[in-house]
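Two complexes come next, and they have one chain in common, chain A, joined by chain B in the first and chain C in the second.
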Partner chain A sequence: MYSHLLPEFAVERIEDRCIHCRVCERQCATDVHYYDAELDKMFFHEEACVGCQRCAVFCPTNALFIRPHPAEYRPNSSWNREKLQDLKKQAETGGVILTGSGNDKPYRIYWDHLVLNASQVTNPSIDPLREPMELKTFLGRKPDNLEIDLNKEEVKIKSELCSNVSITTPIVFSAMSYGAISYQAFKSLAMAAKKFGTLFNTGEGGLPLNMRKDYGRNAIVQCASGRFGVDLEYLNAACAIEIKIGQGAKPGIGGHLPGEKVSENIAVTRMIPHGTDALSPAPQHDIYSIEDLSMLIYALKEATNYEKPVSVKIAAVHNVAAIASGIVRAGADIVAIDGLRGGTGAAPKAIRDNVGIPLELALAAVDKRLREEGIRNKCSILAAGGIRCSADVMKAIALGADAVYIGTAALVAMGCTLCQKCYTGKCTWGICTQDPYLSKRLNPEITGQRLINLLSGWSHEIKEMLGGMGINAIESLRGNREHLRGVGLAEWELDVLGVKGAGE
Partner chain B sequence: MFLDGVRPVSELIKHVSTNGTHAYIDALELKHKELNDLLREMAQKEVTSITVQNVFGQRYIGTRLYFPGLAKKMEIKISPNPGNDLGAFLNGHRLIVYGNAQDGVGNTMDSGEIIIHGRAGDIAAMSMRGGKIFIRDNVGYRAAIHMKEYTGKVPVLVIGGTAQDFFGEYMAGGRVILLGLNLRKNERHKAHYIGTGMHGGVIYLRGCVEEYQLGKEVGIRALDSQDREIVGQYVNEFSSHFGFNPAEILQEKFQKLLPVSARPYGKIYAY
Partner chain C sequence: MLMKKNYQSERHIPAKDIEACGLFGVMNIRGQKFGALKAIEAIKNIKVRGNGLGGGFAVYGLYPDYKDYYALHIMFQNKDLKAKEKTENFLGEHFELIFDEEIPTNPQVSPFCPPLVWRYFVTPKKGEMEQAIPDDEYVTSRVMYINSYIEEAYVFSSGKDMGVFKGVGFPEEIAAYFMLDRLYEGYIWTVHSRFPTNTPGWWGGAHPFSILDWTVVHNGEISSYGTNKRFLEMYDYYCTLHTDTEVMAYAVDLLMRRQGLPIEIVAKIFAPSMWDIIEHLPEKEKKLYTTLRMVYAPLLMNGPFTVIVAHHHEMFGLTDRIRLRPITAGAKDDLVFLSSEEAAIRHVCPDLDLVWTPQGGEPVVVRLNSEDHLKSLNKSI
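On to the complex of A and B.
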């Protein structure tokens, strides 16, 4: 415990309502609540509270209120409370300040400055409840041209087609590794992806052997700098392979899964000894250039007999358009771009909050660049990092994405409240933990259904919005900036996004 | 971009001649995919050993020989110079190179054996997790980087010559033996930053190395009897491949490099 810190959260208990059932005590993973039998009363250590709201939600009499702690230093817009508290933590430990989930700082959220179009009078809108509406999306390289053999009645495609993966909605669960999240959370994502006909991404923690047969066809498996759990069986079990170069929450740095989280099952899945640190180096040491990236892309294609698309995931950084162009030319079938707001299980706060650029600008710049160079067809674009709702999905697709990755949104659907303490391994919601007492709080059947519900709801909303535009297939929206207008954006921002201002 | 103009196997089969379970491939002017298509084609027949000649930089030899449920392991003799990622992800096969290999030998190799009668480029045995690699001469930068082991799977890398910088960087498991056979008397090994970030596994080093050449996560120890047994076993194997006298090699002093902590970066964070 730190000696000079104010508590982050205040716990308020309405004594009249409290029935001393001790649910709060059992639900809390940081030992905030405790019961004194002699006094027959509940007490709390509020300095341990992380504000996850688990106790408040589970309190049967609504006796608990958890709020940001009202104690304040003298107001100061430069030296704010967070800066002061971090300074004090570092003064005590000399360490790097860790955090979890995505960037929470008030950078402009461009989704909230973009509005969508709808049909009025001059072309009819479509009602998706009564007319077919196509959300099916194919991820992978498309041919430069299509040669067709017309032989009387028979039509044959002469051009050689690259392998593509078909998904029923343009929403894919982004990379969250088994190890970062619990087995139950990992399996929930897999089950939901399979039932809904979309994909989940294993992250770099491997794919448990017992899941390969049932869920491999819906898995994007990652090959990252640690190469954990990567062998030919793993690569061939998947429907696509992703080379992880970077992550929006922590561009340019690697990852450390601390030894205490490497349980027996995680050790087997990652193929490392039980209890050792799993260190992912910052770069992949066989990739120091676009040519080297190409070498790994083709190594993975060789390893899977050219049967699976290969994705390359990068963090959105300053020269993202040029980098993406290099990635496509290196042979990638999918480019995944993870923006400034992308989440993480653990990252240094200095990096999470300050490195990278917003997804919206990066995505628009990449799409524009690839089209200008005439190579947009050679890859699909997956947009990740801060997609919060179906409208964000629509806007991302109109800015050029083929589909989006959702991570944080899926976690919230499973129970996450964005307390940002993922790195402590004490997730009371059973998501970001390896403690069996906590992780068994998730039942993959139930949590998987919550994820399916999320996908269903968003997909329906997307159909409604498409119908409103008078469009009956998601393909017609892709890169279609005519359906977007900017509100409250400067000229340069409109220019990068490639959209007109509202009213234009 | 490597696939333009790739010819189908039916057009390439003239590069192959077979004799029972042995096949001979002339790799002259074959693209890497074409050569690997042929190797895959042969592996699916009764062929168990293949000699590939006129190999000039073709990549990924051995990578595509994965057939779920098929236990057959091939022996492939390659000369003179295979390209990058020789035996990447290798799954139990045996590759023998009569010449020099390039970068990425045994990249993320799973099992099998690679024997190189020559030198190898950078990142040899990167992320290797099983099997054995024997290299007669020198290796480039970052050899054995992030090698790892688990349960009974312990990768082995034996290098006859010396290595460049960042040798054994980030090593998480496995056994690496650096013999320095081509160094002069009292000449030290070339590498700096040996074992930087190392947190598992062991490096046995024959010949001289100064403290300042080591990464700060590494400590030097003397060999115990078990170490000598391990080193003896692999030096014998190495010698039998390349015609050295193992007793002569083992006469010199060996040192053992070990990580000082299994968690070198455990204390850098404020929670």
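On to the complex of A and C.
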């Protein structure tokens, strides 16, 4: 423990309510609560508390309140509490400050400055409870046109088509690797994706052998800089392949799964020795240029007989539009853009909080650039990083995305409370941990159902909003910025988004 | 090809028009010509569907004496003679001029702010480098140039042996102004009565919209306008008029003229069947319709619309996939009618042989010397 730090959270226990059942003690992974048998009383070390709220939620008598610690330094807008605490931590350790989950800084959230349209009079709104409302989406490359052979009554398609993956709702689970998250959490995502007819992304940690037959058809398998678990069978088990170049939470940075988390099963899945660190280099060392990327894309296509779309995932950085254009021209079928608020299991705080650009602006710029170059149909765009609700999905699609990736939202559905301590491996919710005592808290059947409920709820809401606009198929919203207006945005922001201000 | 207006950002593009309308089309499938009376009387019958801010007619088989030449109907706003001079200089550079005259108008009729409307019969005058360009492409790009770059000049129509007459007013006023009932005959007549909600009267903004011999009259508001428009931009169609009809016209041009798809396929792109239905089709059709939806998803015309598209030898009507706007078809002997309302058809042809209401997304295709229009009868409501 650090010596000069104020606790982050204050624990308050209402003694009258406490029945000394010791649930809080068992639930806490950081040993905040403990029981003194002689006094028959619960005590706590609040400096260890991460604010995950597990104890408060599980307390049968609602005796616990966990709040941000009220202790304050002298108020200072520049040298605020977070800055001071970070300085003190570094003064003690000399290390890089790590954190987990997405950027929590108050950068403008453009979703909250965009409003959606609805029909009035000139165009009837459609009631999704009475009429069909279609969310089916295809991910992959589309040809410029279809050549059709019309022989008498027989109609045949002459054009050669690239493979596409169809999903029932434009929401896909973002890359979260087995190793970063527990097997139970990983399997929950797979089960939900399969049952709902969408996809999950394996991340860079491989796809366990026993899951390939049942869940491969719903998996996007990643080929990242560490190349963990990549072999022919892995690639061919999937429905799509993703080359991970970057991640919104840590553009330009690799990953590090410490050896203590590399259990036997993870070692087998990642094809590394048990207990060794799994280090993902910052770049892919066979990709130092766009032509190298093209070679990898086609190597993967060759390996899978051109049957699977290949996605390239990049972090949203300053010249994302030009990069995306290069990626499409290099042969990618899907471009995934991960914005400034994308999540992570572990990243240096300085990077998570300061590198990259907001997804909304990046997405608008990429979609515009690809259209200007006449190649928008040659790829699908997957938007990731900070999609919090169904309205965000709608807005992302209206800005130009084909579908969105959700990571943090799915984690929250599984139990996560964004305590940002994923990198400690002590996730009390059993998600971001390899400790069997903690991970068994997730039952994939139950957690999977929670994820299905989330997808189902969002899909219903999307249908309602689409119907309100008088649209009955999601493809008619794609890139349809006429249905967006900006509120409280500056000229340049509206220009980049390609959206009129409200009332304009 | 077509020219792009340079906007700093898409947000500077003007808002599109919103309008509702009355439509009527009639074709003699043996190619016999007839006068304007049916079209005028029918559209008068559905006056409530217009508000006097736009009316227009397209006529096929109009200029038998000049049928090998492109007939350009060009309007000069505010009777601007400078624009006319500029246009004629431009035409002189790019075309051989066969004959031109002012389109005669009735001085007794005084519509709102009439422009000067002139017709030119021309044939392309291609440079050495341009020999490989097909005539249609050549004419299209010159028309787009005039519309985009010559202020106050606007091309109503540019096909052979056909023409568009349109303007601000009720369609019967436009007909009277151009004396359609007295001067012209054709084997297809389509007519449009406009009910815009937000546009000041502009003669170029009336329907039919036309490029080459394709004309489109359209009723509806396309909720997918933004998606459609931005997709068409990738194929060099820039929507300068900001109406749903323009999007529809360009989509028809792209799919039918440039990509050579038949209307039966195009109908399944504009107004595709629901996935629920596609999934229960026989395997081959399922594959075809799935692929069409996948590839041409950005050209799905979502929201309420009815459209009547015509070009030589063919007229077809189509309504949106969930039939939010009406269309009725009727037939009597060699005449086939399409309209937003049955009443309009019955008004001009009380003893119809057949009358039917096509399903959403089922085109009624009226072809010269064929009975293809009856195919939609089997699937009607």
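Criterion: the second predicted complex is superposed on the first by the 504 of 504 C-alpha atoms of A that agree within 3 Å, B and C clash if a C-alpha of one lies under 4 Å from a C-alpha of the other, contacts with A are read in each partner's own complex, and residues count from 1 in each chain.
The rule is simple: contacts are C-beta pairs under 8 Å (C-beta built on N, C-alpha and C of every residue); 3 or more make two chains touch, one makes a residue touch a chain.
Keep in mind that what you see is a predicted model, and the values were worked out from it rather than measured.
The superposed arrangement places chain B and chain C next to each other on chain A without a clash.
Of the two partner chains, chain B is the only one that A:424 touches; chain C does not reach it. Contacts of A:285 after superposition: chain B is touched, whereas chain C is not reached. In the superposition on chain A, A:457 makes contact with neither chain B nor chain C. After overlaying the two complexes on the shared chain, residue contacts for A:479 are found with chain C alone; chain B is out of touch. Angle at chain A (Cα centre) between the Cα centres of chain B and chain C in the superposed arrangement: 100°, in steps of 10. Applying the stated contact rule after C-alpha superposition, one finds that A:60 touches neither chain B nor chain C.
Residue contacts after overlaying the shared chain place A:488 against neither chain B nor chain C. When the shared chain is aligned, chain B comes close enough to touch A:232, but chain C does not. The gap separating chain B from chain C at its narrowest, counted between C-alpha atoms of the superposed chains, is 19 angstrom. Common to the chain B-facing and chain C-facing surfaces of chain A is no residue whatsoever.
Those residues of chain B whose C-beta lies close enough to touch chain A in the complex are 1-2, 32-33, 36, 40, 59-60, 63-64, 66, 68, 84-85, 88-89, 91, 103-104, 107-108, 110, 123, 126-127, 129, 142, 145-146, 148-151, 153, 169-170, 172-173, 197, 199-200, 262-271. On the chain A side of its complex with chain B, the touching residues are 89-90, 92-98, 225-227, 230-233, 235-236, 256, 258-259, 267-268, 271-273, 275-277, 279, 281, 285-286, 294-295, 298-299, 302-303, 305-306, 329-331, 423-424. Residues 8-11, 15-16, 18-20, 197, 220-221, 223-227, 230-231, 233-235, 259, 261-262, 265, 272, 274-276, 287-288, 291-298, 300, 302-304, 321-322, 324 of chain C are the ones touching chain A in the complex. Here chain A touches chain C in the complex through residues 119, 122-124, 126, 131-132, 134, 136, 138, 142-143, 145-146, 148, 150, 155, 157, 161, 164, 368, 371, 374, 376-377, 398, 469-473, 475-483, 494-501, 504, going by the rule given at the top.
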